[in-house]
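Reviewing the structure listed below.
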Amino acid sequence: MATVKLMTDAEAEAIPAVKAVFDDIRATRKSDFINNFWRALAFDPALLKRTWEGLKAVMATPGTIDPMVREMIYVAVSTANACQYCVHSHTAQAKARGMTEAQHAELLAIVALAAQTNHLVTAMQVPVDPEFQV
Amino acid sequence: MATVKLMTDAEAEAIPAVKAVFDDIRATRKSDFINNFWRALAFDPALLKRTWEGLKAVMATPGTIDPMVREMIYVAVSTANACQYCVHSHTAQAKARGMTEAQHAELLAIVALAAQTNHLVTAMQVPVDPEFQV
Amino acid sequence: MATVKLMTDAEAEAIPAVKAVFDDIRATRKSDFINNFWRALAFDPALLKRTWEGLKAVMATPGTIDPMVREMIYVAVSTANACQYCVHSHTAQAKARGMTEAQHAELLAIVALAAQTNHLVTAMQVPVDPEFQV
Amino acid sequence: MATVKLMTDAEAEAIPAVKAVFDDIRATRKSDFINNFWRALAFDPALLKRTWEGLKAVMATPGTIDPMVREMIYVAVSTANACQYCVHSHTAQAKARGMTEAQHAELLAIVALAAQTNHLVTAMQVPVDPEFQV
Amino acid sequence: MATVKLMTDAEAEAIPAVKAVFDDIRATRKSDFINNFWRALAFDPALLKRTWEGLKAVMATPGTIDPMVREMIYVAVSTANACQYCVHSHTAQAKARGMTEAQHAELLAIVALAAQTNHLVTAMQVPVDPEFQV
Amino acid sequence: MATVKLMTDAEAEAIPAVKAVFDDIRATRKSDFINNFWRALAFDPALLKRTWEGLKAVMATPGTIDPMVREMIYVAVSTANACQYCVHSHTAQAKARGMTEAQHAELLAIVALAAQTNHLVTAMQVPVDPEFQV
């Protein structure tokens, strides 16, 4: 179904550059599970490595935004970009990091409200208030 | 510049249905400032009222997500939907609710990362892992 | 401001392939006004001609959808695609074809509602009901 | 497949806030069929109620735009936002309200043409003509 | 699964306007295969014909951009517009025209990078440098 | 106009982490010009550095896709994502790398055609042909 082949663990074992990333994903996440996104990206070890390192730097490094909130923001963007896989995977991760049903519902309400006013604003071409300028 | 006229305070005073909403915006926000979005929507008092009440229910009602985080999620969706006015107004509101420069930078990093992987996933058509299904 | 030069009437006069399209736009619309979109496309006469003929076939030919409604649908798509110029030009055309303020407000309400439920559906990944299948 | 559970009729019966909305949907639409969108939203009765009331106000209330045309506009926005479920459900509703095959084809032609010129305009960054300003 | 019926070869044989387009697709592509896009569009012979002629003019006519590169650009746009079918069909065509795995990976890297910086730019509302103006 | 301050050269001189990136941009591009995107990102030196290194790896490293073609693909994605700044900056870069007017017109034609068929496919929900599956 994908436009590239998904790499199995057996195949990954044979390609050191892929094995190294898979090992790091497993160590970082403290889980044996490698999801399909990484198995797809593995067709190009350099792209796999760059993408994983970028994601690790943003999502798996202590920062100023709570890890669960980071996943909720990820879901928000993925929804607006209509990425089905990303909605599934990051909703699962937000839940794994503690998102309750009430928070999930509130996230959906904010995303839907933003979409609604985004479209109203664009349809009316509202000029930016000087008060909002830096 | 807009496709509808922006309503001035003088004009709003003369239309009870608009005045009522403007008054409620001012009371709810504890500020005299009415931004252009509401002045544009005011060309249709019913649409103005429904939109404001929807927004108030989601953004100005105590809930399970922190008010500053709600604005950050709003910025994320508005960015993905390419709504310039919304990016300006909700970034300003997130800052007003305490978003620091470090949090702003982290928000941008998450939004940009999500966009990057959203596009990778779509270009590779990665199938959803059974593990992510409810 | 554009990424291509906008062609003036004087320049268009000197290029028969452009002049022919500009003449046809004026004759079809019964107006001397050539809007910037066509002046921009004119940098490539073949692209100008193909685009104008495609638009004329869909928008300026009698069909089963009312001309004002066609413009409203155009505004809806242009809003969702965040095309500022297109929102301006097709809102102007819808008004020129009789769209009232009440209809404009109703159009905005439908567009905004659709955006809202589009995002809810995507965020929840709702499966299509068998009842909706052809 | 969804990121939330779809509520069955049996489960809805046991939650008065959900049952009330499902009853109103059935009464308003004069049909026993509750489509999956509402069954998904039902995981949060307040979000379900607000969304249904918003939709009823825009889509199921007499106004200035024909009910079939409203559904066609809904399809247009849903297409541009790449919402598969919404395209299915609102195409079905447009057909149920009388959209013929010829009208469907014409709708698709307008949506596709708008997308085409939206992208041309954005790629050329055409400045808005003063004639289009309100 | 589609919102229109897919036309079989037997049905196409009976409608001269559809048969003529199917014949031309086969002759132009030197292949007997008619993909589902054309079978879907065939429900409206005029839309089918206009769409095919537009596509043939852009994609199957000698020009200044290499045919494989044209397909790669097509994949890029289809990815950003979240069109699953289009990603599948044009990735297949790019491969058929010689796109290697290394080029595919590089294409994905560019698309993902562009999406990333597109979102950063929009979130920061960066003003266009005068140096970039025509 | 931006939601962050644009950093001047004088300010950048005083922040080693920013100065290092600006120096590398100038050295890599063999030009003294630093465009606004980098001046905006400079508000967060770590984000600036990560973004520049990502871009350099994809756009300024020898690979299998011609540098001018890379910029054309960038323009295609930026157009579909409605990023005005990105359309301006990458169109300028494509021209700087040799894109002719004829190639520019052909690029626009492909982008517009893709958008048109993307929307047709989504509106018809065409199922993927088994022939396109990997």
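When the chains are written out, they are named A, B, C, D, E and F in that same order, and each has its own residue count from 1.
The rule is simple: contacts are C-beta pairs under 8 Å (C-beta built on N, C-alpha and C of every residue); 3 or more make two chains touch, one makes a residue touch a chain.
Note that the structure is predicted; figures quoted are calculated from it, not measured.
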Original post:
What's the overlap between the neighbours of chain D and those of chain E?
Top reply: A, B, C, F
Subject >> Interface residue overlap between copies chain C and chain E, same or different (over half shared) >> reply: same
Original post:
Tell me which of A-F, B-F or E-F has the interface of D-E again, with more than half the contact pairs shared?
Top reply: B-F
Subject >> Of C-F and B-E, pair with higher C-beta contact tally >> reply: B-E
Original post:
From the C-alpha centre of chain B to that of chain D, how far is it in Å?
Top reply: 21
Original post:
What is the distance in Å between the mean C-alpha positions of chain D and chain F?
Top reply: 34
Subject >> chain B and chain C, separation of their C-alpha mean positions in angstrom >> reply: 27
**OP:** For chain B, write out the residues touching at least two other chains, lowest number first.
**Re:** 1-4, 50-51, 54, 77, 79-84, 87-88, 91-92, 102, 107-109, 111-120, 122-125, 133
Original post:
So how do the chains connect up here, line, ring, star, complete, or something else (other)?
Top reply: complete
Original post:
Which of the residues in chain C come into contact with chain D in the complex?
Top reply: 1-4, 6, 33, 35-37, 40-41, 51, 54-55, 58-59, 63-65, 69-70, 72-74, 76-81, 83-86, 88-92, 100, 102-103, 106-107, 109-111, 113-129, 131-133
Original post:
For the complex, which residues does chain F have touching chain D?
Top reply: 75, 79-80, 82, 84, 87-88, 91, 107-108, 111-120, 122-125
**OP:** In the complex, go through chain F and note every residue touching chain C.
**Re:** 82, 87-88, 91-92, 101-102, 104-105, 108-109, 112, 119
Subject >> Sites on chain A touched by chain F in the complex >> reply: 1-5, 50, 54, 57, 128, 133-134
Original post:
Can you name the residues of chain F that touch chain B in the complex?
Top reply: 3-4, 43-44, 46-47, 50-51, 77, 81-83
